[in-house]
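Reviewing the structure listed below.
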């Protein structure tokens, strides 16, 4: 039985880890960490857990927790984990970090976009970017996982085959993403009040959202992985695992990989869960539906959690809610020779807690889908 | 492995049975029945089931299905099952009916409230009212289960200990219930369009809703079960199982039991799932919080799916969504000597599909909670 | 041109006064008061007012404001106005208070339910309870208006004819009310976050909500106004204006009038605006639909803002949204001899800002409906 | 007093015309046309109009209506007006068509995208595209107005200054639009049921939505209007009114104007009203914020209903709900040299009924804002 501790278990993502682990055969939760509710019943913070979770919230003592747990999930604000992580912790147990602290290899990019100093640069190299379908082998041997962002997972998985196969011009990518409100977290802010969010939609963080460089870095590695394909760029790698490309680039003093610059615009949608990313790019050549479909099949046809939909059926967030699935499909616009790709997932599951558990399963050699086979809940 | 068939699997309740059975260790679905989608992929009707359910919708052939299945769930319009049920079907397999066809023992009441002739009166006597917590023993031996309505389950479970213990005056009961819109089903009606339901609340079926006599009949049995308590009424029964009281009353030519008349008002709420019933009644005496709490504990303290909340915490539908739990609590108003009881459940789960599976588990001698331990999904 | 000042103009109710007065021919806003946004552009707080309101938020200086304004609206927390009101202010201008400070004549009841000391008891006698349809004549001569609460307006108007005509037993009244979330105000509280409110319904303040005694006091006066009707009670008054009854009772040392005790339960509904009150009471005799309808017509047939709907049509909040209308209708349940009355209004308009402007119109001798004729906005 | 008739008054857009005209000083409604509700009280179809509109629904007799009315609004399905329009009607009265029948000058484009034969091609030439801010002078003299689509108004107004000033590369335009559900109309379709729309977002009509060529045609004219600006294209026109450019192109046998091809993707959002268009394009040069702002000011600074927001403030649909305003703002992304422009409006008002009334005001020489000054309703 894997002993799991959760730092930040009283946030929305933390609570979703709890929900998922409660249905996991091989894991048990030994530590419900919380910044604000230490000493309170967990079920008084989340009434859904009444009579299910009989535990009190504990504090954020990562050192102590690392002695009791086999794996720690940190669902914490940016900068927290980097501020407290040390070798002893990483020797004691695995750490799966849901914050952005170890997602970007390029520390300059991190400090520029997050506007905080990175306090644990020494672990940036080893931290594996935990997008399970792309970095499966590296994850299995990792001590420290940088669990990807919700927008990021949607965007990268939607575009990955096209970028890797050099089927789109990476200078033309636009990702217009829409998220449910749980992505904004559980803190009491006026902007997230019911009456402020309900019956409205808005873009936010236009040109400045922090998931932008994360998408760019990973797509940059994916592009480099496409060696042999037609491209004006000097492509050198052909690893299956894009994390290993990142490491080589890092060693070569080029941490961000080949530069891909995109426009990414997130929007707030009046719904609890779900992300839809609508992605646009110029095709690099004339491609048929079958050409593109073959590229998606090449990478995803054996992936249980990635569902490339039938021709003509576009993703809708209602069909993935509560589950670990990512639904993807595309339409080619022959008039403009652009492709429109939509990806949908549940930001709380595949976009956060579900992927974190999937990473845990990989690390501990469990079936990758253990605890994650809940079908989407509709309506 | 229990073979289950679902007639009406493309309605919301039918689809919820599918979702739950997909996580059930000892059951498999052998028949996805549908009136409107025969021959179509089930997953084209419910996109959430893409790559999960690989089956086509079959027709409503109950006779044929009864030969293939161990249990049939009928999530069908009123009158359907009564129109086709026969001895052979009931000899072949168990039938769990989610419609109202066999819920009311008193056929006159049925025909008055439903305004259709009952075509299978001969099965009314044996059909067990499948409110699992109240009729557990009878359910185990049943061939035909009348799975309770969603409003009904909420209302009865909220009031049952008070009625059975004669702690409230049954002539003063008012149940003001609020339901999510999935209760209205998946048919394309103007009144259920997004823009008609959203940003509004209304009462409907005021004084005429068909769940009224169902609540009354069961509470009538519960009252009769309270022998020995103070009451002006002539109370004769003390069975644990209120279904058996109903049977005795039926044999005595008094199918509806002791008359309880209530006011029941359902309301439509702009949300997908959830029912909240706010119940009011005069206390029959002066009772303290502890007195009342003791009554709830007497009947519910070992019930896994009934959660009587801590003092001062009232049920909210968000805390039960996606789960089989019923949350209940009460407040005594000393000024008026009334009690206010609130009950909350997910109308799709404990109010329909979850309870149906719970009935199946009881009938087949499985752990009662098999497949039903999914924690509520929040947010 | 009437000069109006608004204290608390950056709350939801205050902003709604702004919206309504912008369409008022005879009033202009001279003071946008705010506790939290002093010095900021009003339109930066409420983006809907960009290019419409060109003013900065001012502080809460009521003394100064009273010199500049003909009327002051106070949309402020409980206790604020009572803490600062003085004779000079009331001599300078009219005050319409949207808080509860002057709604209850019985100061003991106020202090018991609001748990704060009342600091301006000397004005309780003259403050007119501004339910326009019931106290029209008194309002015209008032200096200080206690603008009724949103739940209160709905509940009282729904039941008033029945209570005044003694057609219901006032000891049996249950009011089950449902409100949109704007009623919770614009402060940043966790419980009002989008994800906490959305997809859920709950009761709150069960047996303890502060609007309870307000409803009771006014219905008590209404009952007393029913002299000559059959009742066991000693009824003495027959004034048209129930405020004047309250004053006489106050003078007689009986500030709360004849005691009416009800059960009132508010619920939070995932929608922005709207209140629906579902009211239950035993009829005091056998009454037909026509009998009851005649009672409603007697009091409401000339009231522009009260719409008693056609037989069989029950109120829905969507039909009053954005308007000053109250929709009311009833159903008699012959089985239980209870009546079920539903009332619906927009809590921001007739439940707050609209009624406040209606009071202003009455005070200044303007057409009562000036600025209030906006039809409900649907969908 | 202008006599107005509405064909299709029982659709959402038709009802919104009713709502707006009820507050219009110089117009009265003489005909509530309806396809489905002939003979019924209008207020039984729209309960908000109870006691406000005292009229029965009439049939779709356009010939008869044209004799009684000064102006007819047709809020009807595609193809209806083209099927019945004739010279007599146009001689009798003005016609403002909210359908797409006369929006596209290029009949081939119409028939290709709408897949129906155009039955009144003879009026295509004179029909003025009623985007008031762009075609004000032509509208004043029109008999027949093609009232623009909701997505179209948002998209065109968002991009117009940039296209006209040749500040963006028109081959790179992507418009990602999000709409409330009222845009889907009031017909009873499964896809528009509450539970299907709520808690979900989806793209639809990807690469095939009919508003695409409408946006392209108008932006094509706008581009041609930009004579003298830097561009590789052969630009010949410099009219203020882009409609007159279209007419000249039409006469020259080039009805669609200069080809602009865009990607337009609409999305369905779980809210009643509102459209947000997020537009992306490559800047044709290096431009500063001030450069771009000057372009918007050049065209919009005197437009009452177009609000270019303050720097850093992006449009949100909540701030325009219920009003005739369009809110617009932009961000320059220096990294990609793209501009991101957001536009927001209420699809029922500026996107349909409000603009129709604005057109009516222009035609009849009334103040352009008469009846349209209602501030946005929030929350």
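Each chain carries a letter (A, B, C and D) given by its place in the written order, and its residues are counted from 1.
Heads up, the rule we're going with is that contacts are C-beta pairs under 8 Å (C-beta built on N, C-alpha and C of every residue); 3 or more make two chains touch, one makes a residue touch a chain.
Worth saying up front: this structure is predicted, and the values here are computed from it rather than measured.
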| item | value |
| --- | --- |
| Chain whose Cα centroid lies at the greatest distance from that of chain C | A |
| A-C compared against A-D, more contacting pairs | A-D |
| Mean-CA-position distance for chain D and chain A (Å) | 39 |
| Distance from chain C to chain A - Cα centre to Cα centre, in angstrom | 49 |
| Shared interface positions of chain C, touching two or more other chains | 12, 182, 195-196, 198-199, 270-273, 316, 318, 321, 379 |
| Residues of chain D touching chain C in the complex | 12, 15, 19, 22-23, 44, 46-52, 182, 199, 272-273, 304, 307, 309-310, 313, 316, 318-323, 325, 327, 373-379 |
| Residue numbers on chain A that touch chain D, as the complex places them | 171-172, 174, 176, 178, 180, 195-196, 198-204, 206-207, 261-263, 265, 267, 269-274, 276, 278, 280, 314-318, 321, 331-333, 335-336, 338, 340, 342, 344, 379 |
| Chain C to chain A touching residues, read off their complex | 12, 181-182, 184, 186-190, 192-199, 270-272 |
